[in-house]
Structures are given as structure tokens and as C-alpha cells.
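Below you'll find a set of structures to go through.
Next come two complexes, and both contain chain A; in the first it sits with chain B, in the second with chain C.
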Partner chain A sequence: MTYPDAVESSTIAEMEETIARISSHKGVEGVMIMDRRGAIIQSTLDEEQTSTHAMILSELTTKVSSIVGMLNQDDELTFLRIRSKQREIMISPDNDFLLVVLQNPKSIE
Partner chain B sequence: MTYPDAVESSTIAEMEETIARISSHKGVEGVMIMDRRGAIIQSTLDEEQTSTHAMILSELTTKVSSIVGMLNQDDELTFLRIRSKQREIMISPDNDFLLVVLQNPKSIE
Partner chain C sequence: MGGSTMNGMLSLTTPSFFLPEMMVDFNSSVIGGDEWTRPRRTAPHRSRQLSNKFKIFLRKLFPQLQFVRHSNSKSSLYIMQSSKSVPSLKLNKPRRLEDATKPPDSDLKSRQEVDVSESCPQKPSEPNLTLQKKKKKPRDAEYQSSVQVQEPVRRVIKPENQLDLTEDELEEKITRILTGDDPNKPKNVCKFSFKDRCFKPDPPGQVDNMAVHFSLEGSSMHVDSDECKKYVDRVGRPREQEEPDLKITTDGQSIATTISASPTTSTSMENTKNQFNFSERASQTFNYPLKSSGVNTEPPPMTEYQDGVSQWIIYDSYKSDFLVNQSMDKQEGGPRISLEVNLSSVFEAKHESNDPKANTIHSKSMEHSLKILERLVNQNAEDEIYHDYKYFEDKADEFRKGEGTLLPLWRFATNKTGRKQVTSLCWNPLYNDMFVVGYGSYDFMRQGTGMVCCFTLKNTSHPEYVINTESGVMCVDFHPHHPSLLAVGFYDGMVSAYDISRGKGKLIYSSSLRSGKHSDPVWQVHWHDNGCLSKEYNFYSISTDGKVANWTMVKNHIKMEPIMHLKLSNHRTIMEDSDEPAFTGLAGGCCFDFNKKLEDLYLVGTEEGSIHECSKAYRGQYIKTYDSHHMRVHRIRWNPFHRDIFISCSEDWTVKIWDHKSSKCILHFDLGNAVGDVCWSPFSSTVFAAVTTDGKVHLFDLSQNVREPLCAQKVVKRARLTTASFNMKDFILIVGDDRGVVHSLKLSPNLRKLCDTDETKKEGEEEEKVDGDTFQHSKMMRLLALLGADKNR
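Right, the complex of A and B next:
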């Protein structure tokens, strides 16, 4: 896997640890780390799923971040959770990166 | 308060009960019920805040619903949670309506 130039190797090691830890949780179907523009840094999904999710979810996060700032200019998005009948998408923006976790709620119950 | 024609009085009574129950929870700063296009049915926010939130959040919910269907056409949005530094916005689509709860996470801790 190739990384955007700005990602340092210590950061990558941390990300790999984070992904391994989250993936081991029950019901977790996929974990992705990307930059704010949707460039993939790490993903446990297949290539097609990764690129579809990265594009759509990075755009959505940008939109929601701007909505949060529009409703209150001192405010900032910290976590976005999209629950649907089939699964749950959790997006956690952290400085330059987005951490995305896809979870199947049925397999936790 | 005027209601869209389609809203029956039994439904309104239920909504008023729902709003009263949710508003009594600690940290809840506002509760709104609107239709899918953002027409307000009930709100505990002031007029300006209500109309700003209704417009922005109904549009956002439409967008997120379409994203959920785009990622998996058998899937459907059931709950959207936007956590920010200052507060939390929870949107629960239920048939023709959207229930929006604004909560201050700091006042719960």
C-alpha cells in the first residue's frame, strides 16, 4: 500500500495498531483511515468498497463539518454516526485524518 | 402553531408527549419535529433557531439517506448522530417525520 507523502512512518505504525485493535471488536466489518480529501491510508475493505466509501464518506464529513460550523462558528465536528437497518458507520475526524469504522449492529446483539 | 394539513390530531398529541418526555432529559437543549422537507411541526427552540436548524438538518438527512441507499440499495437510514465540541445533534427519521434532539454533552457528564 502506498501512503500520501505527508504520512510519517511512526504515524503509520500507530494507525496499524489502531486498525488492528478496532478490527478485533465484535461486529466490526471494516476499518479505514483516510485523509480529509478521501485519499486512503489504510483499509481492511476490498479495493472497490474502499474507494466507494472513501469518496462518499470524506465528502459527507466535509459537508457535516461545514454544517456544524454554520450552526455555530466556534464549534467543530468530533464524531459522526450513521445508523441504518443493515449497519452502522462511525466517522471520527482527527486532525488531518478520518477514521471510519463499519459495524454490523446485529452481530453485537 | 399551525400544522401541515396531513398531521392528524392524535399524531400531534403523541408528538407533544414525545417532546415533553425528551425535553425533560438532562442536557437536552432543544427538540424539534418536522416533516421530511423541513416543515416544522413542533419545536422547543426559538423561531430563528428552529428555521435554521430545520432547513439545514432536513437537507442533510435527505443527503445521508441517499448515501445509505447508494452504499447498499436494501439499506435505510434509521439514526444520525452528529457530535461536536459544543453539543450533539441526534436525528431520528420515522416514516414521514424527523425527530431532532439537540443535547449539550457537557451538562450530562
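Right, the complex of A and C next:
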């Protein structure tokens, strides 16, 4: 079977590399990939943290995206950044998955 | 017996002393039969006298009757007995008491009244007692005399005055009638009325002297009566539907039964509640306000199943199902096998479905998200640098005139470049944050593969795209109108065109041996900017093999067309080395630049150090040759604002500014080291930057200082700077070194003055409406005039 959305193996490797790069970046606490319902596909965090984050963040994203849709029906959520004192949570939602990165910008200083 | 009722009042007293006790009511006490009741209210002594008189009176009336007087303290009873009955007593026949008391005269039909008084029961007992007493004696005597006689002998002792009655007289029945009148009540009491002087009945009118003999309270009542209504109201209405026919058919009795039954039926049917202490109460309860609460639950585990269906899959599944059914029919122990078959098919399907799921992580959208996230992570991490990039202004510049600094921002490098050198830089004409870096090597001995990296300021840690090439990249150039088109020249003399629009470098055209190629490294490529006149994109390239070529991209291949063969200029060689045989070869072209205003005109810098001015119209012939440098010319650039001015830099440590009309050097600067690149700034006609091999960046603003650079800053240690390029929008200069690193530098406020501070005040007002280009042009003109005046002096 062929998939129209498929990418070449070289770029797959590139993406894996990108994930590794992001997770090894200074201040990055973890990178998670999950589906829209919160099921983990890939994660660099430990199991417990991953499950809690996945559960809450997937729900939050669903809510926010619905809010965005409510405010403007033609609109769509493309990115979600949550900045807190401790860290920043960045969520990149897609139809199939959520890409979440937890970063602590202060750890660099 | 001729008992006649004596009506009328027998008055024994004179009217003068009327006493009610003395009155005897003969009307009420009826002399009838053998009974006589003496009136109660008579005084005893008088009544005795009266009774004696009465007895005499009665004997006279009834000579046959005997009077028996029974008396107690209060009353006396005279029993008149006929003397005829006495002989009958002699018979051994028992006589009833009633019979004995009955008057023998049955002819007497007159009403007889028996006063039901307390004296009555004594009447039969008295003679019996006397009888029993009298019996005892003769019985004992008889018993002694004749033992055989079992039955006690009865001897009737008759009183002397007892009447002897015949059998018939005794048998005679005397009927007595009970009347409703009370005989004791005087019916016709008369009183003397002194008023009228005569006796009058008292009370006047009818006297009610009814005697109540028997009274019994009944339990039944009439339906229509008030009592019944009250009863129904109190107890409850009897069920009418229950016994309707009873009510209709029968009367009082049935109604009575229904009424008596009604309390039980009604209670049983209607009142099922507790009858004793039941109480009905109602109260309103407190209404709690509604609340809504939510709980986060762990999302239930889910699985996604996905599969594609094609005709052959359907066919196969049908076939397997058919086989399973067949095996089921054949053997009963088949289900296990069929189950296995099913399971295996399901498993296969699952296995297939795994592929697209794994693919979601590697989808293009994921790539996109990853790219965005990497940028964000970078921006978070390098927050300070981004702030500096955008907002930081060196305030020290206000106090030092004619000097400026360069603020280093980012280092762009990848570990993939290895030991490659940065050979070329080019900003994207559309996206101001994007630039490409060509990696290669200037060293002939260290040639290897090359690389083109596309960096953006948004992601400073990693290149957006990487294009790996077989040979070292020597030059890159973006098409000015098609920002995705990238021309690349290689060390091995090849040129290529890449399309980077699809998120990654895609080779669209590449030169080959068949299409023709340079035989030496291609030092510079330049897109021919002819607007949109020609459909075919074409670019020029220059190589040290002495050729300037035009590459045209036709449908499926690239076409090379040499437009210039750089001949060695003879005048210098002849002049200087006349003995040596003249070079027959071609001059090695190192750099060129096309004039933007004069389309045909272009300048070529050669390895030998000379600059030739050529035209596309005249092939194989120089228009002009500048006696410029002694060593290899690294870069020639036309001034972006003034069409006659160009700048050149060379290995011989110098940077020179020329006017192509006068063909003489206007200015020259000795930077003390080989100058790798020189670059006009896009914002000011008088500002240019030059990078040297000692790692310094020299920044000049001729309008401020025509002799010295405003800034000569060492950017890198132990590295040679090879290239430099100004950002088109921001005041950013990027410089590449021979270690594969690109540095970005921010110009301090002094370095990016668009004009002299004095002039801005004067001319800013005058030439407010003049646009930037003409203003810069005029600025350069003024500078030239100034320099010309200096030289003349």
C-alpha cells in the first residue's frame, strides 16, 4: 500500500534527528508525541509524567480548539503556548497527533 | 258475674274539706272478676273501714263470690272467688292457678283490668304455700295407712268461704284485655271552681293517662329520617352500589342491615389508612441550588483500526470464509481450525494497519510541527539574543563619533559541515530571515563533498534545509524574482539549479559533460535579471578556466553558452616581462558583477589582479581594463545606488573604489590582510564592509570617514573570514569563515547612519519627498565631488 502522506526514509531519519535535537536542546525537559485522545506515541519523559501530561494536555487542547472554533467557526487552533513561572509548555496540535515540548527557559541562564 | 263498671265520682267528703286522698276513683279500679285492687292513696285505717264496707257492698252485689283478701303493708288484694269452684277442688285433677283465679262466670264479658303492680306475683304463691303446708300431714298419714299408694295423695283444703264452682264454670274462659290507660291516673278529676261556683274537670280538656306497658328501643331507623342522615354524616354513607337490589326489593329491615353493615364496609373499602392515630401532614422541603461538578477521568484506552480495502482483499476474505464453511460442513471438529484461520487473517490485517499509524509520526504535518517547535524552543532558549537582535541599541555610540561596534548575535554552524569552509553566502530576496551558505574548500588538496545549507534567523541552531553535493560548493545565488530558485557553482566546474520551495533542496538542473561545463572551479554564479521578458531562466557563471558562460534552462536540460573568453591582457605582460613568452592561455576569472542600470555592462575580476569591463554585446573583447590589483581579485561589486561606482577587494590587502567612467581608483584602503570579501550595504551608498583573513570585519562609512573604517572588529579567532553579506532589511551583517561557521553581527547605530547628522537636518527638510535611492545617489555624488576637489588640490 502507498500512502500519499508518506515521506521518504531519509526525511524520516531527519525527523527523528529533529526530535532528538529538540529534546537535547538546553532547557528542554521532554518531548512527547501523542494522538488527539492522549494516547502516547512517543515520549522522552518517564512513564508517570508522560501519562499525567498526556491526559491533561490532550484534554486542554481539545477544549482550546473547541473554544477557538466557537469564537470563529472558520478558525482553527494551530499552536498553543503556556508560559508559567517554571517552564513553558508548547503544544502543536494536528489532526492526528499532538506534539508537546516542555521547556524551562531559565535553566539556560 | 255481673261486674259492671261504676263510673262517676263517689265523694265521701263534703266539698268544704276536699282532700285528694279521700277520693276513690271508681272509674279506674274496675271491679271485674275476682280481683280488686285497692287504691293506693287511701289511708290504711280508712281503707280498712272502706274495705269492710266495700266487702259488704260487694257481697250484696255478688252473693256467690267469696272474697279472699291478700294484704301487705301497702296494699290489699281481694280475690273474689265463686263458691261453686270449691267442689271441683275435690277432684284429683290438678288445677291451674290461673284457672282457679279465673272467675267461673264466663258470661261476664265486661272488660277486666289487671293492675300490673307489685302485688300481682304474690297472688299465686300464697295459695300454693298454704296448699303445701296442708298437704304434708295427710301424705304421711296416707303413707302409713296404705303403703301401696305410690302417688302422694292430694287433699285440697278449701277455705270456708270458697265458692263452689261447677266444672263448666271452671273451664270457662274469661278474657281480660290490657288497655293503654293507666287506671291509677284519675281521668275525670273535678275541682270546685269558686269562681264559677261549680265543679270542673281539672285539668281542662282531655287527660292523657296512657300507661306504658312495654318499651323497646329499636336499632333500625328510616332512611329519610333526620336521624339516619346524621348517622350517615357521622359514619359515612353506605355503599349504594354494593347492594342496590336489596334496597329496592326490601324495605326497613334491609336498610337497617345495610346501615349496620355500612361502618365496616366503608372503613374497609374507603379508609385503608390507619384509623387510630393517622394524621395527614404536608411540609415543603428545602430546595438545594443546582451544582455542576466535573471530574477528570483517565481517558479509556483506545485503539484505532484502519485498513484499506481493495477488490482482491474482499475476494480473499470471501474465499477464506468459503473454505472455512466448507471445512465446517465436512467435519464437526473444524471450528478450531476455522478460528485460527480467522485469527490469523485478523492479525494480518492488524499488522498491515500498523504501518499507517507508524506513519503518523513521520507525516508531513508532523515535520511541520516539529519545525515550528524547534524554532520555538530556540527562541525560548535564546531569548536574550533575540531581544538584542530586535531592540538592543548600543548607547555608547552617542558619545563616540565616527566609531561603531558590531554586536555578535548568533553563530550558524552544523556539525555536518566537518572541516569545510564557508565559500559563499546569499540572502533570500523574499524572506529576509533566510540565507543560504555554500560550503566547500578553497584548498586544492582538501577537496571533498560540498554542502549547501539554508539557515534562518528563526532557527539558529540548525539549518532548515541541507543539500549535499558531490563537489565543494564555491558559490550560490538566489534568483531575484523567484526566491526558491538557487544556482550553485561547484569546484569541479559544474553548475546546478535547485528548487528549495518544497521544504527541501531539489535538484532541477545540473550541468553535465554533454551540456558542457567549466574545466575549473566556478567562482561565481549570477542570475540574469531580465525581469519577466524571457520565459527561460538563465544565469551566468565565471570560472578560472577563463570563461564566462550563460546557462539557460530549457525543458529538460541546461544549456551552456560561453559569452566571454577572458584573454590575458597583453599590455601589462609585455610591458613588465617582455622576455618571457606571452601567455597563450586565458585569464582566470574569479569574480564578476553585472551592472543593474546598464544591463550589458559587467565587470570581471581575474586571478591576475586585473579588472575587465565587458559587455554582453561584444564577446571576446574587453571594453575597458582597470589596472587594479596585484593579486587575485576576490570580489567586485557595483554600488547599489550609484551606477558608476564599484568596489573591489583583493588578496593584496587592498580595497578599492572605482568610477567606471574615469577608470581610475577613487579611494583605496589597505586593510593589512588579504581581503576575502567586500560588500556594499543595502541601506547606504557610502557604507561597505570588508572582511579580512585575520578575522576582522572592517566597516566603512565614506560619508563619515573616507580614510579610516568606523569599525574594525575581530570577529573570529584563528580563522579567516571569507565572505560577507548584508541583510536587506535589518542592520545585520553575516560573515563566513573558513571553519564552516557563519557569524551574524548587528551594526551599532553609528554604523548605519543613512546620512551625515548635519546633512539630515539641512537636507532632510529640503528633500523630504525624495526617495531613499536618489538621496543615496546624491550623497555619493557629493562624496565624489568632494574627493575630486581633494585630488585637484
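The rule is simple: the second predicted complex is superposed on the first by the 89 of 109 C-alpha atoms of A that agree within 3 Å, B and C clash if a C-alpha of one lies under 4 Å from a C-alpha of the other, contacts with A are read in each partner's own complex, and residues count from 1 in each chain.
Keep this in mind: contacts are C-beta pairs under 8 Å (C-beta built on N, C-alpha and C of every residue); 3 or more make two chains touch, one makes a residue touch a chain.
Note that the coordinates shown come from a computational prediction; the quantities given were computed from them, not determined experimentally.
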{"item": "First, second, both or neither for A:33, with chain B first and chain C second", "value": "second"}
{"item": "Which superposed partner A:84 touches (first chain B, second chain C, both, neither)", "value": "first"}
{"item": "Contacts of A:19 with chain B and chain C, given as first, second, both or neither", "value": "second"}
{"item": "Which superposed partner A:48 touches (first chain B, second chain C, both, neither)", "value": "neither"}
{"item": "Which superposed partner A:56 touches (first chain B, second chain C, both, neither)", "value": "both"}
{"item": "Superposed model, chain A: greater residue contact from chain B or chain C", "value": "C"}
{"item": "Touched partner set for A:70, first chain B, second chain C, both or neither", "value": "first"}
{"item": "Footprint overlap on chain A, where chain B in one structure and chain C in the other make contact", "value": "56, 79, 81"}
{"item": "Interfacial residue positions of chain C with respect to chain A in the complex", "value": "296, 298-299, 301-302, 304, 308, 352, 355-356, 359-367, 369-374, 376-378, 380-381, 383, 461-462, 504"}
{"item": "Contact footprint of chain A on chain B as seen in their complex", "value": "52-53, 56, 60, 63-64, 67-68, 70-72, 74-87"}
{"item": "Chain A residues within the chain C interface of the complex", "value": "1, 3, 5-7, 11-12, 15, 18-19, 21-22, 25-28, 33, 35, 37-39, 41-42, 55-56, 58-59, 79, 81, 88, 90, 92, 94-97, 99, 101, 103, 105, 108"}
